[in-house]
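Sharing a structure, written as structure tokens. Questions coming.
Labels run A, B, C and D following the written order; every chain starts at residue 1.
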Amino acid sequence: MVGYAFMGAAHSQAWRTAPHAFDLPLRPVLAALCGRDRAAAEAAAQRYGFGGVETDWRALLDRDDVQLIDVCTPGDSHAEISVAALEAGKHVLCEKPLANTVPEAEAMAAAAARAQARGVRSMVGFNYRRVPALALARDLIASGRVGEIRHVRASYLQDWLADPAFPLTWRLQKEHAGSGALGDLGAHVVDLAQYLTGQLISGVSGVTATFVPERPIPGGGGRSGPVTVDDAVAFTARLESGALATFEATRFASGRKNALRIEVYGARGSLAFDLERLNELEFCDNTDSAGSTGQATAGFRRILVTEPGHPYLSAWWPPGHVLGWEHTFVNQARDLLTDIAADSDTEPSFADGLQVQRVMAAVQHSAAHASAWTRI
Amino acid sequence: MVGYAFMGAAHSQAWRTAPHAFDLPLRPVLAALCGRDRAAAEAAAQRYGFGGVETDWRALLDRDDVQLIDVCTPGDSHAEISVAALEAGKHVLCEKPLANTVPEAEAMAAAAARAQARGVRSMVGFNYRRVPALALARDLIASGRVGEIRHVRASYLQDWLADPAFPLTWRLQKEHAGSGALGDLGAHVVDLAQYLTGQLISGVSGVTATFVPERPIPGGGGRSGPVTVDDAVAFTARLESGALATFEATRFASGRKNALRIEVYGARGSLAFDLERLNELEFCDNTDSAGSTGQATAGFRRILVTEPGHPYLSAWWPPGHVLGWEHTFVNQARDLLTDIAADSDTEPSFADGLQVQRVMAAVQHSAAHASAWTRI
Amino acid sequence: MVGYAFMGAAHSQAWRTAPHAFDLPLRPVLAALCGRDRAAAEAAAQRYGFGGVETDWRALLDRDDVQLIDVCTPGDSHAEISVAALEAGKHVLCEKPLANTVPEAEAMAAAAARAQARGVRSMVGFNYRRVPALALARDLIASGRVGEIRHVRASYLQDWLADPAFPLTWRLQKEHAGSGALGDLGAHVVDLAQYLTGQLISGVSGVTATFVPERPIPGGGGRSGPVTVDDAVAFTARLESGALATFEATRFASGRKNALRIEVYGARGSLAFDLERLNELEFCDNTDSAGSTGQATAGFRRILVTEPGHPYLSAWWPPGHVLGWEHTFVNQARDLLTDIAADSDTEPSFADGLQVQRVMAAVQHSAAHASAWTRI
Amino acid sequence: MVGYAFMGAAHSQAWRTAPHAFDLPLRPVLAALCGRDRAAAEAAAQRYGFGGVETDWRALLDRDDVQLIDVCTPGDSHAEISVAALEAGKHVLCEKPLANTVPEAEAMAAAAARAQARGVRSMVGFNYRRVPALALARDLIASGRVGEIRHVRASYLQDWLADPAFPLTWRLQKEHAGSGALGDLGAHVVDLAQYLTGQLISGVSGVTATFVPERPIPGGGGRSGPVTVDDAVAFTARLESGALATFEATRFASGRKNALRIEVYGARGSLAFDLERLNELEFCDNTDSAGSTGQATAGFRRILVTEPGHPYLSAWWPPGHVLGWEHTFVNQARDLLTDIAADSDTEPSFADGLQVQRVMAAVQHSAAHASAWTRI
């Protein structure tokens, strides 16, 4: 694993837990954690349960006991590490967004395609596909329960930048993060909109905002530096079928901590989801009626997605014994290891990640050109 | 109409509005309002749209232009006025609880039975039967959508006595109100439990509490007087079928303003309702599944009970244009007038009110005897 | 009153009820209802409680017993009737949207300004300003509880067109309705966004969709005709302060009946509202903490806006005894009559309605020009 | 660890995860898992990550590499194992309910007191004390934010017995489980009511029900056997202060999967919690007002208990990245290990477990004696 911050902690928990929760064909071993600062890396390795550390990620490529590389670094190093790892024959799990630019993402998707021909697998870490409620949502849409889709309404609202005194971390610098709310939060909802509906976004019109242009530099003795990414973004979009979609991502929605919300409206029914209540899926079957009395009983059902037949749930706890955010990574690890063992394609692929990257680039282009409609 | 306080205002609004909302066979005319204080009664009559006032309710019995008497006084005068009115051949709508004691209620039910034989109708004002969502709930239960009933959980929570400085009004004096939370709030949920399930309560075990034993006398120059009714009551109960029921009523639930909640659990499904959201009924059909995929999609549906086919809704606004608390009285007025015109029985009858009175008396008896189980 | 369909019924209920609910300086008399079909108008007048009918609205202008004209017709006649009425010295309440075009709205606003100089008042019927929860929201924003505003997220979702068999009524014809979801639903949220924040919208980028291009002609013997308005619209916007706003209006959101939702996020706190639960306002004061323990207790509070001190509530029922949709019109009638009696300006004025019209025109212009950013 | 079914899986996950999530003074090692069926125990040990197995729990007492024994068996063996372990100088974590009878629980509490004098610690597994939202609730009550407590309303609703075809497992047999919903579910809410309020229950009046008296014997070739425990229980209670409490536990509430709900109402404010949304605490501070405008803004706040300062949260994920049910066991493991290392008392103690046992016995006694009030 390369990187050991927030995502590193979450991924480690997943690798440790997956073999205890699921019957896996492969047993993951936490061989080595890689970080440039040896002392910090060793402390993290100790905490996370890794066998050892490396200070240069290239060293991982040479180790025979490393078959899979988990890329948890900021976006600016995703391409270099992932491409090298794939070429070295290592399976790769890369955090999202896939890259900071479309050309980087194209190179990664190409490398993934070449590697796939040699049986080397890659996955981009859009972990919310592994929320059981969202996997169920996709099943319901795919099986026609929602009907022809008219609307997707997606937003991802957080508030950790609402305080102007919050410091200028790497996530606020374009050279490291590529973009702000767009890549960090918007990428998730773009991926989900396409995943859930089975349709690609065909065009967008966007607007971005940076509300607080300067912030204190961490350890900067009181000096400030410029925020070079978006604080918030909003865009309208069309899906291939003509459905209308709206997206919004922000770090300034006071009181919303991790409110990834997505609603899908179709001719037969509708779905609604909120990540702050990730065990629940709201489903309205507009054809519900009260049988003999003929009275409409349609309404949004709050399905607690913890039943044995629900996606991933056979491995977890009894009904109503809810899962948390970290379980998405355990489920993701299970799918990736299962696919590697079965020598089968995994998803979301780097090609899926590239498509999301193209949508984000189109949003940025539109925002820079007076919101002009931009085709993907 | 006798009495012109809170309930008088609500009933007046209902009588005025009913003929505009519904096609009624009879057109109500607000002939006279009765109150002992002439000046106050005249002001109320002016505000509520009554043609005139009386200061003695007996005068109403002699008036030919009065065919229906609406009893909105405290409980201690319900029996005397209602019995006299029925004997004078006037239809009667009497506020709940029917009376302050079982003997009073028995006399009223007897008078109602005698009057009914002469085509004179009576109704007790359990207006929440006329909440569309609760009428729909009854339909769903009656049509078998809930299955055999196992549990009823009912509570009615308010908080207007949480402040110990709240004054000693008539509602806190046993001689006027009969009881406290029990008769004011508990009566509603007892009636609803029996109405929704179609079953009577067969036994109870209760406990009452008076948290603030003395309160300031209004206009009493700082003196206090004893609270002689219950501040709160809780009781367990059995329905005829063996289902287990729990009831709670209080005026000390800080933050709950008018939280009449009732849940019914059956072998096939469940219902939940909260008066603070009176346009909504939650219904869980436990047989819901996702068809071909076999995945459970059961969950509590939030039905917005504002569709044209829902009870009473043909008269009101388009879907989603919600109704308020006062509409229960308009719907009640419609049903009473329709029944009078059709010369048919109306409900809830005084006999229904008597049954509720017996349950309340049993709760008081149990509470006074160490919660001993008390049969109705 | 001109027009007697859905809005006519709601307005009549308001005029009848206002003097009983509020202490009003003027007592409204339902003098005459106007409709081209005499028989239908007479039936409506009888139902709604009007004294008589006219078949030509011009006749109302000549009647001395008519001091206020309530315009409840489709948008294509708003300008002609309102301007004539104002010039005849009649106060005017005109349903929203103010007009079908900006030039019409300009003429109306000019007529209103001239009339105002002569003491003749006019109001456009954005009735949702009179939802107590939204009036409270405005107070909280105005008093600084939300802080500098960063985001407005507004949507108005209905589903009555989701069925392709729904007929081609006047609301689907551009010549009568001006626009579709935009003018019918979008106008409300545009007005509210500006009302709540006290800021104007400075620019927009929009996209519209017409999902079902042909529908059956009512009484057309099976023939279909073209839908000439938008089924749905989405647009991004900026407020004067730089805040980012998103808007969406649709009649295709299956399961949403009347879901006008508006969220406002500021530096100190946030607000959220849903018209399907119109008695509730969600308010997050992000500065809430647990005092001595220092633990954050911030969260969205569900305020039941039924307390005596809340806007309009002194006239209504005790706490928790909820109001319905129709009460917005009663509150509106109260404000208009109070302002007329006090000879003071009323709001929302025709100038406010014109501003909304300009925003809608900008949205249509943007949608017709590849979503290009369009200044207001 | 003794026992390896549902609770064994949950506890294992906790022991494995705790050292990675928290900085612990002791590092747990999963030395041995004990079960009578060696093959099954070995499979479980493999799955859960234990070093080995034993088939007789007494063997664990002799092992020097075992310092703590985690008792996850049915209630009928809790006393024997726990007492022996404590006497052998092993720390004990025992699943709830502490025992099947009061005498057993008394023996366990006595053994725990003796052991404690020798530095040997014991804890009973009321894991819901370690839900962050409930720990926060206790803090808020303890710091006076709720004021004098008037009401506790607690229920624990599940539905897995609603189907009469569900088999006769050990949980439905009195000799193994002691009681049914009472001990399995009711014990949790009794403990929480006392934990949150800091008060003991002083008396109860209860009623129990067994709705389905016979069920199929697993592997019984179609034969049925009697259900010898309660399917559901309801009881009223008083706290020491005179507050009124209601409790209900059932396995027949269709649609409720794991609905442990608890509401606490006090003179200043209120709290509400639902285990199906375990990251949320609803808190109403009834003293909230809108400052200068004087308008009430009190309402139930939905606090997302995922902030760094919230109980246990410093170890977990960023705000809004929610936890699941299993995290309660990790937090519990952390507290127990921390207390063992610090040589300090831990809670809930076996004495706490005994008190809960006494309440349950009083409920059973009352239910067997016509609900007569029974003092604890």
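Just so it is clear, contacts are C-beta pairs under 8 Å (C-beta built on N, C-alpha and C of every residue); 3 or more make two chains touch, one makes a residue touch a chain.
Just so you know, these numbers come straight off a predicted model, no measurement behind them.
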item	value
Farthest chain (mean CA position) relative to chain D	C
Geometric centre distance via CA averages, chain C-chain B, whole Å	35
Interchain centroid distance [CA atoms averaged], chain A/chain B, Å	52
Distance from the mean Cα position of chain D to that of chain B, given in whole angstrom	39
Multi-partner residues of chain D (at least 2 other chains)	256, 284, 298-300, 304
Chain contact topology (line, ring, star, complete or other)	complete
Chain B contact footprint on chain D (complex, rising order)	147, 150-151, 153, 155, 157, 159, 162, 205-207, 209, 211, 232, 234-236, 238, 242, 244, 246, 248, 250, 252-256, 265-270, 284, 286, 298-300, 366, 370-373
Residues of chain C touching chain D in the complex	136, 139-140, 143, 145, 281-285, 288, 290-304, 307, 309-310
Chain C partner contacts - residues on chain B that touch it in the complex	6, 10, 12-13, 16-17, 20-21, 47-49, 158, 160, 256-259, 275-279, 304, 306, 317-327
